[in-house]
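One structure coming up, written as structure tokens, with questions to follow.
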Amino acid sequence: MKETYIKEFRPAELNNPILIEGLPGLGLVGKIAIRYLVKQLKAQKFAYLYSPHFPYFVLVNRKGSVRLLRGAFYSWKNPTGGSDLIFFTGDSQSQTIEGQYEIADRILEFARNPTVSTIVTIGGYRVETEAKPKVYVAATSPEILNKAVNAGAVVSGSGSPIVGTAGLILGLARFKKIDALCLLGETRGYLPDPMAASSVLEVLKSAFSFDVDMAALKEDIAKAEKMVQRLQTIEEKRALQAEETRREEDKKTTYIS
Amino acid sequence: MKETYIKEFRPAELNNPILIEGLPGLGLVGKIAIRYLVKQLKAQKFAYLYSPHFPYFVLVNRKGSVRLLRGAFYSWKNPTGGSDLIFFTGDSQSQTIEGQYEIADRILEFARNPTVSTIVTIGGYRVETEAKPKVYVAATSPEILNKAVNAGAVVSGSGSPIVGTAGLILGLARFKKIDALCLLGETRGYLPDPMAASSVLEVLKSAFSFDVDMAALKEDIAKAEKMVQRLQTIEEKRALQAEETRREEDKKTTYIS
Amino acid sequence: MKETYIKEFRPAELNNPILIEGLPGLGLVGKIAIRYLVKQLKAQKFAYLYSPHFPYFVLVNRKGSVRLLRGAFYSWKNPTGGSDLIFFTGDSQSQTIEGQYEIADRILEFARNPTVSTIVTIGGYRVETEAKPKVYVAATSPEILNKAVNAGAVVSGSGSPIVGTAGLILGLARFKKIDALCLLGETRGYLPDPMAASSVLEVLKSAFSFDVDMAALKEDIAKAEKMVQRLQTIEEKRALQAEETRREEDKKTTYIS
Amino acid sequence: MKETYIKEFRPAELNNPILIEGLPGLGLVGKIAIRYLVKQLKAQKFAYLYSPHFPYFVLVNRKGSVRLLRGAFYSWKNPTGGSDLIFFTGDSQSQTIEGQYEIADRILEFARNPTVSTIVTIGGYRVETEAKPKVYVAATSPEILNKAVNAGAVVSGSGSPIVGTAGLILGLARFKKIDALCLLGETRGYLPDPMAASSVLEVLKSAFSFDVDMAALKEDIAKAEKMVQRLQTIEEKRALQAEETRREEDKKTTYIS
């Protein structure tokens, strides 16, 4: 394997499909969103992306079997007759600069085959707020941008960078004559953030007219919030103890001198 | 995109053109100079340079549209019938060593097509002075060197390095049989330095006999100087406060012991 | 040399061979195991692997001769008529990400030529225990996995990574239609660990029905244990001295103030 | 320029030439040795080696002209009718691993053209002694090794690495069927070390039967020794002052508490 390549192991006959991408990144927003969609919609895996620019280890699956790091494509037939959906997520982003460009390029090439009309990429946008996460949007054309704006997204500020595959797919899309937009959910980014993913999914559902039951994601959000509270409690205790220790040591210093 | 490539989207019929390059570097001297020329001379964008060796993010433009990092070529028809000018600037230098050589090479290849006779590259030269910035020059031939010297530049000292695209273009130019010179404006390099860019432009105008109104750049210089003063005031206050804090803590230490 | 390549200098006519790989890694478990097998079974070197992704130095051999870093293949004819064995070990792993994939790929390509049916890779698994090292196994198929489990190995936990050549060979093996399994011996990983190698060899012997005299390895284990004890004694002395010094300095501090 | 390449600008008709290489490295031993030979023997430059794996800057020469980093080949016609000599030195070693292999490979390819029979590489060997530097030798064959041993070199110890171009040329030489040896002069390695270069040259002259006047190198050695003494004096003063400052501060501490 000298280059990134995509192996399609099941033909996916799709109707005017939209490709939605979310790799690991800030707050895992994109990966959480895609995994949730795949699970809720029972999407079918149909292709893998492999790359020598992924980290050089393999993962052990259940039952001791082994696999390379990879990306995976899933298809979903829209029962209402609207656009079918392709989902893409994976274990990792590229570890090299050239690999970042190569992987985005291969995803776009692949998207041209089943004649994908639109690509949506998902990522996180770092903020230090605890308010309900806003969703920022950037796009290759005003038409597709407005779809997301009408669904509640805020136009991304001029000059802000979109890092990694989510950004490069948009940057390279115009060379392949594919429309693309990027949805970035606000996140503090330290921990997996299902709340940010939820905000992105609300925009996505509304903009592309498909429905997903959000109940299970609400449970994940509740769990994540409990986790954050637990970490805060631990951190506060640690700070109190550190303060205590400092005082004890100040006393000792006094005795010595 | 596996390699650096240049996309010409508007034919530029030019008369004996000179190419002037300035990418981001020390004090942003080259980029400020080129952007000023493009704006004042109302030069027309006619080609982009893309590279997988640029950083792996995209930028959001106004109105939420997205673009890859890139370099841009601009053309200017000289109304006096003298040499037309091509300007080149961009968002970034290459992030890899091989990419640095590749990008300089592509710019030179591109320059051979519209039969550019001379290339000028612009950069910064780090000094710790506050005097009016001098301009250093190095070149591929004594003839072109003297043009800049007669216009007020100082010959660059033996053994000094010229880093990045501004340097490699000169180094590779002789293999393409193109004359090239590099103008380096003295700068402390910490902040964008329109003063250094101004010194370079004075040499450039005189050496290649074209005129540009410098009034707007004087305003930028005044703004930059105010910014430096404001930063110095902030720094002095910070130092005073740190001193104050230290004294308070010394007192506390005394009380404790 | 622009790419990894393998130079076969002696034809190895082998019967249904199994390839066993162990490069330097955690606790040198893989390298120690392979070197022990090569020595005890008097296996014959028949090919070298060279790569521009190895570190850029050469080694001086005995008598002042010099050689590139490399991997080496050894063959062993099974006197009982069972599967012959090929051993592979070397000086180093690849220093680049792409090189890691390239080297694993070349080993697999090479294994297809003498129609290797099964590849075994050996590595270390970091733990902080001093108990007898367990051996973890992961594999490309349940059949070959069970061979190792029946020989005493424990199925590797879901989600654990296997880093480097030992892992990538397994990950890439399915593309070449070769069965592969990986044996990881528990090790603290700081020092060469013949004990961990010994545990792996016990599993290997039993799973693939060949015999090796383990007496010499027991001696290596005893030496390694003495070395660990010596290092611990040194470390304890150092800690005591540091404590002593600290007390002396505390006294001085008291005198001064 | 996508790859390392060599440009021969003057045909060098040479009799059974020996190539002697010395790039910058530990103590600059190789570069000092080659530059001294080139100057004393008035060798003629006849080819350059360029590489995109060299650092990405250019150097300004005297009179403001500019050049890429490069290696240079020089030829010397032996007036006694013995082997002619080719010298190779340059500004830098490769900045990437793959480049290290590529550059060594190109030098060997080039050496096959004028049918070089033997290559000598020169480097430094780090020691902390101040005694007269010994010279270590490693080689591709016992015959050529003995030439250096008979001329006073010591056989390099088993297992020691030879880093960079000096090492890789030896490692790759056997694939090109060229004999090669490496001479390493003992050096502390911090500063340019003409003394180590001198030891290497003594071995070289004797092993390959050519003569060079060593008087000028003796002067360089004297200068280097004075430099070392001056740096030691400065360091001792600095240490004394630091001690003084510490005492003053101890006093202050006492007053405060």
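Order as written gives the chain letters A, B, C and D; numbering starts at 1 within each chain.
Rule of thumb we're sticking to: a residue touches a chain if its C-beta (ideal position, glycine included) is under 8 Å from a C-beta of that chain, and two chains touch if they have at least 3 such contacts.
Because the structure is a prediction, the values reported are computed rather than measured.
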When each step joins two chains that touch, the fewest steps from chain A to chain D total 2
Moving step by step through touching chains, the smallest count that connects chain B to chain C is 2
If CA atoms of chain B are superposed on chain D, the rotation in degrees (nearest 5) amounts to 90
Residue numbers at the chain A-chain B contact, same meaning over half shared and different meaning under half, come out as different
Per the C-alpha means, the centres of chain C and chain D lie apart by a whole-Å value of 37
Within chain B, the set of residues that touch 2 or more other chains is 257
Among line, ring, star, complete and other, the chain contact graph is ring
Per the touch criterion, the pairs are A-B, A-C, B-D, C-D
Per the touch rule above, chain A residues touching chain C in the complex are 1-2, 52-53, 55-69, 95-96, 256-257
Interface with chain A, chain C side, in the complex: residues 94, 97-98, 100-102, 105, 137-142, 145, 155-164, 167-168, 170-172, 175, 180, 182, 250, 253-254, 257
